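To start, the structure itself, in structure tokens.
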Amino acid sequence: MESKKPLESRTIMTDMVLPSETNPLNNLFGGELLARMDRAGSIAARRHSRRITVTASVNHVAFNQAVPLGSVVTVEAKVSRAFNTSMEVYIDVWVEDRYNGKRTKANEAIYTFVAVDDTGKPTEVPPLEPETELEKERFAGALRRKQLSLVLAGKMRPSDATELRALFMGN
Amino acid sequence: MESKKPLESRTIMTDMVLPSETNPLNNLFGGELLARMDRAGSIAARRHSRRITVTASVNHVAFNQAVPLGSVVTVEAKVSRAFNTSMEVYIDVWVEDRYNGKRTKANEAIYTFVAVDDTGKPTEVPPLEPETELEKERFAGALRRKQLSLVLAGKMRPSDATELRALFMGN
Amino acid sequence: MESKKPLESRTIMTDMVLPSETNPLNNLFGGELLARMDRAGSIAARRHSRRITVTASVNHVAFNQAVPLGSVVTVEAKVSRAFNTSMEVYIDVWVEDRYNGKRTKANEAIYTFVAVDDTGKPTEVPPLEPETELEKERFAGALRRKQLSLVLAGKMRPSDATELRALFMGN
Amino acid sequence: MESKKPLESRTIMTDMVLPSETNPLNNLFGGELLARMDRAGSIAARRHSRRITVTASVNHVAFNQAVPLGSVVTVEAKVSRAFNTSMEVYIDVWVEDRYNGKRTKANEAIYTFVAVDDTGKPTEVPPLEPETELEKERFAGALRRKQLSLVLAGKMRPSDATELRALFMGN
Amino acid sequence: MESKKPLESRTIMTDMVLPSETNPLNNLFGGELLARMDRAGSIAARRHSRRITVTASVNHVAFNQAVPLGSVVTVEAKVSRAFNTSMEVYIDVWVEDRYNGKRTKANEAIYTFVAVDDTGKPTEVPPLEPETELEKERFAGALRRKQLSLVLAGKMRPSDATELRALFMGN
Amino acid sequence: MESKKPLESRTIMTDMVLPSETNPLNNLFGGELLARMDRAGSIAARRHSRRITVTASVNHVAFNQAVPLGSVVTVEAKVSRAFNTSMEVYIDVWVEDRYNGKRTKANEAIYTFVAVDDTGKPTEVPPLEPETELEKERFAGALRRKQLSLVLAGKMRPSDATELRALFMGN
């Protein structure tokens, strides 16, 4: 299959924080943001694979900044690496100041999606060819994260996770 | 502060999968399950801390099994370790067969919540004292996962993550 | 069919009161609580019958206590008596104090569900065998409530409602 | 306070059954209909009292007929009797055939609402003066239903429920 | 086909403004009102045609008055003119004062719906026969509005829009 | 005030069509799309004005193409002209083919928003300076549309609507 660029899967979802999505502090519920990121990431994976996609895992979502009621939130998703039938998607979340329009980074998340056919069976996806520096860095890290998932799930022995071992032993 | 048992924070949320929560394959959206787990985990953290709690991070959510429309889903959350102002919460998800009532494990997730006062400032929480074998195992793993988060966020040097190093070098 | 215990159908649904579910006084809408109790009761009836269940009637729901925004609410449902194809389900609602964790009873409701097959036709359910004192008391009252429903619906003559007559004439 | 007619509180809520409100048989969830009836009944009680109203109890809701996805449902609520600070509201539900437009009665429910001031304290409401035969019949039955609620809640001795005793002993 | 009266399609949808439907000023979102009007208008068009109806266009919706949280809003829709397979529907929106019950006009909108069969193909509808003065006036204006839509969509030459030309040249 | 470019207000909202948003033909409800467009347009107006914005009117929304369940829909909004305190916003809607990724234009809508301060009072907005050919064309048409709205609302005499008269008399 012909490779694709990260730009081809880029998905932008800008929306407001509505009153029904807030917690007792009047900030966006973590769970609501997880659901929005899942939808945006799923569309990015579909754009890369042209298949139905289902969420396989979520990793390393850090909620660094509260997002108040009425904020404008932009969720931006791009495929960061394609494996055989799965895709890692990087999701960046920006919040916009109402008065000066300045955007600040509020969250960063990594989801993995699997492409499936109409019966739900995993199916092959095109490889990803990163272009920018950031895309290349995320592409490289994806293998390390995949090993980590396998080790933590007990599906790979730590001694076989060569990329990871280097990280902890190298320096 | 006096320590608490995991059982004291146990939160059970049983509900159906409604048509508005399903994807084109008629299974529960990953994002919807993430939102339900966030609410259940947040209640568990509140029961442990008796404070407002906000989601700090999500780690290692694996979606192993599709959950079809109309299923009965049980989300069960328990605090697995308390740090200074944060709590790791383990969330187990069970799906129930409509005909024979057999429950099967569908998901497992780890969320971290921070206890805050009414102004949103982090505030101390009681220590956790695990009781069962499984609770003790999850308690032990929590430190390793915390180090991992710090390393991946660039807030701890890999060489200082002693618990993690042991994992990758030990065997 | 083999009888079942109330414990086998026990369903616990713990969740928060979200901003989208509140009235102008910032308390949970009665209608939202009715909908939650319906879902919990329907799951209990399904656990007893292992069938699709549809709501047949609702009786004697008293809203004794306002439930404020942000509260943790636990809805607990258990089958209280099984008739031929229908089940009476008792639903208890508890609200949890945010600061001391004390649970207080907020509501009590009685719903009736009918078990149906895939075409919607009523189908037989197992008998119920109560165990605790409270379960036995609710089991006994169920017959009186069934007669009352029939009388009020004009489907039974008051003079034939022997259980009810005893109540009003006995003392 | 000057009395009001039932017609002055009449509230009509016509809407469709949306996919998000249906059960696995593709019919309207009982719980959703309970929530719609609560909103319509609450508006009727507000129109009678010109106050904020809160749900006090629900009685004798019978679900006689399934309401399929896509149906047009009309909920019609009218105050049937006013007591000191509370109002009984009768709610009739009609379903409309898509092809010939014929309306059939699908449900009938009785809710009670209490009028409150801005602090949530119960406050007096105008008396109701029924006009039509049906309104007079429902007005008369309301006292019997109120006694029944009090007896069942253990707040009135059966021997004091004169209206009810007559029903069971009279013939 | 036999003609119908506007009254036969009249649809009344009274409901409250819920917290999940409000903007940062605590007023009903324009978008939510547009969705409510679409559902009410669609039911009116269905009552006229006894067919599935789909929204074809929306014209001239003016939001003259903010509708605050907790208001009672009545949306009233009636078919104002029937063309071959389409129907123009006039929608009036009223808001009710909580204290004195006075209704004031909040909005007025004009939607067009097309009647379709089960495959989505447009299908003929009965003609409309207006009765009141207001109905006759709206009936007359509908032709002018239809020409205007066609001109603005580039599907009719301005010189052929005789009704419209008269409006701008006549006086 | 310094003028702004249309590009500075551009708002992209990509999302899926969920089951809860579909009509009996399994296509996106017109009303749901109107609500999405309202949110996107409102964000574009806020980006131009850096103020809270409220919907003032909706004009000429044509639903040319059904949008099936599961589609990926992109709503793109840009300010097309700024008047004293109001902004006209053009909204284009694209649907994406699941298999070949081809985007087709599904809708086009024109909304008007007013910028308000925290008390809801209209407040001045920057002028708009169009750049591309399409932006210039929409900018020019906005005046004609504004006159049309005023004429139809009875707030301007047809003979004073010089831009409109030219349209109908000129050829």
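Order of writing sets the labels: A, B, C, D, E and F. Residues in every chain begin at 1.
To be clear about the criterion, a contact is a pair of C-beta atoms (placed from the backbone, for glycine too) under 8 Å apart; a residue touches a chain by one contact, two chains touch by 3 or more.
As the structure is a prediction and not an experimental result, all values here were calculated from the model.
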Minimum number of chain-to-chain contact steps, subunit A to subunit E: 1
Neighbouring chains common to subunit B and subunit D, by label: C, F
Pair joined by more contacting C-beta pairs (D-F or A-F): A-F
Same-site or different-site touching of subunit E by its copy subunit F, using the half cut: same
Most distant chain from subunit D by Cα centroid: A
Chain at maximum distance from subunit F, centres defined as averaged CA atoms: C
Distance between the centres, which are taken as Cα means, of subunit D and subunit A, whole angstrom: 49
Mean-CA-position distance for subunit D and subunit C (Å): 19
Centre-to-centre distance between subunit C and subunit B (centres being mean Cα positions), rounded to whole Å: 31
For subunit F, residues contacting two or more additional chains: 19-20, 23-24, 39, 42, 52
Interchain contacts, given as pairs of chains that touch: A-B, A-C, A-E, A-F, B-C, B-D, B-F, C-D, C-E, D-E, D-F, E-F
Subunit A partner contacts - residues on subunit B that touch it in the complex: 23-25, 27, 29-32, 34-39, 42, 52, 54-63, 66, 109, 116, 120, 148-149, 151-153, 157-159, 161, 164-165, 167-171
Touching residues (chain side subunit F, partner subunit A) in the complex: 11-16, 39-40, 42-43, 46-47, 50, 52, 72, 96, 98-101
Touch list for subunit E against partner subunit C, complex: 18-20, 69-70
Interface residues, subunit A side, partner subunit C - complex: 19-20, 22-24
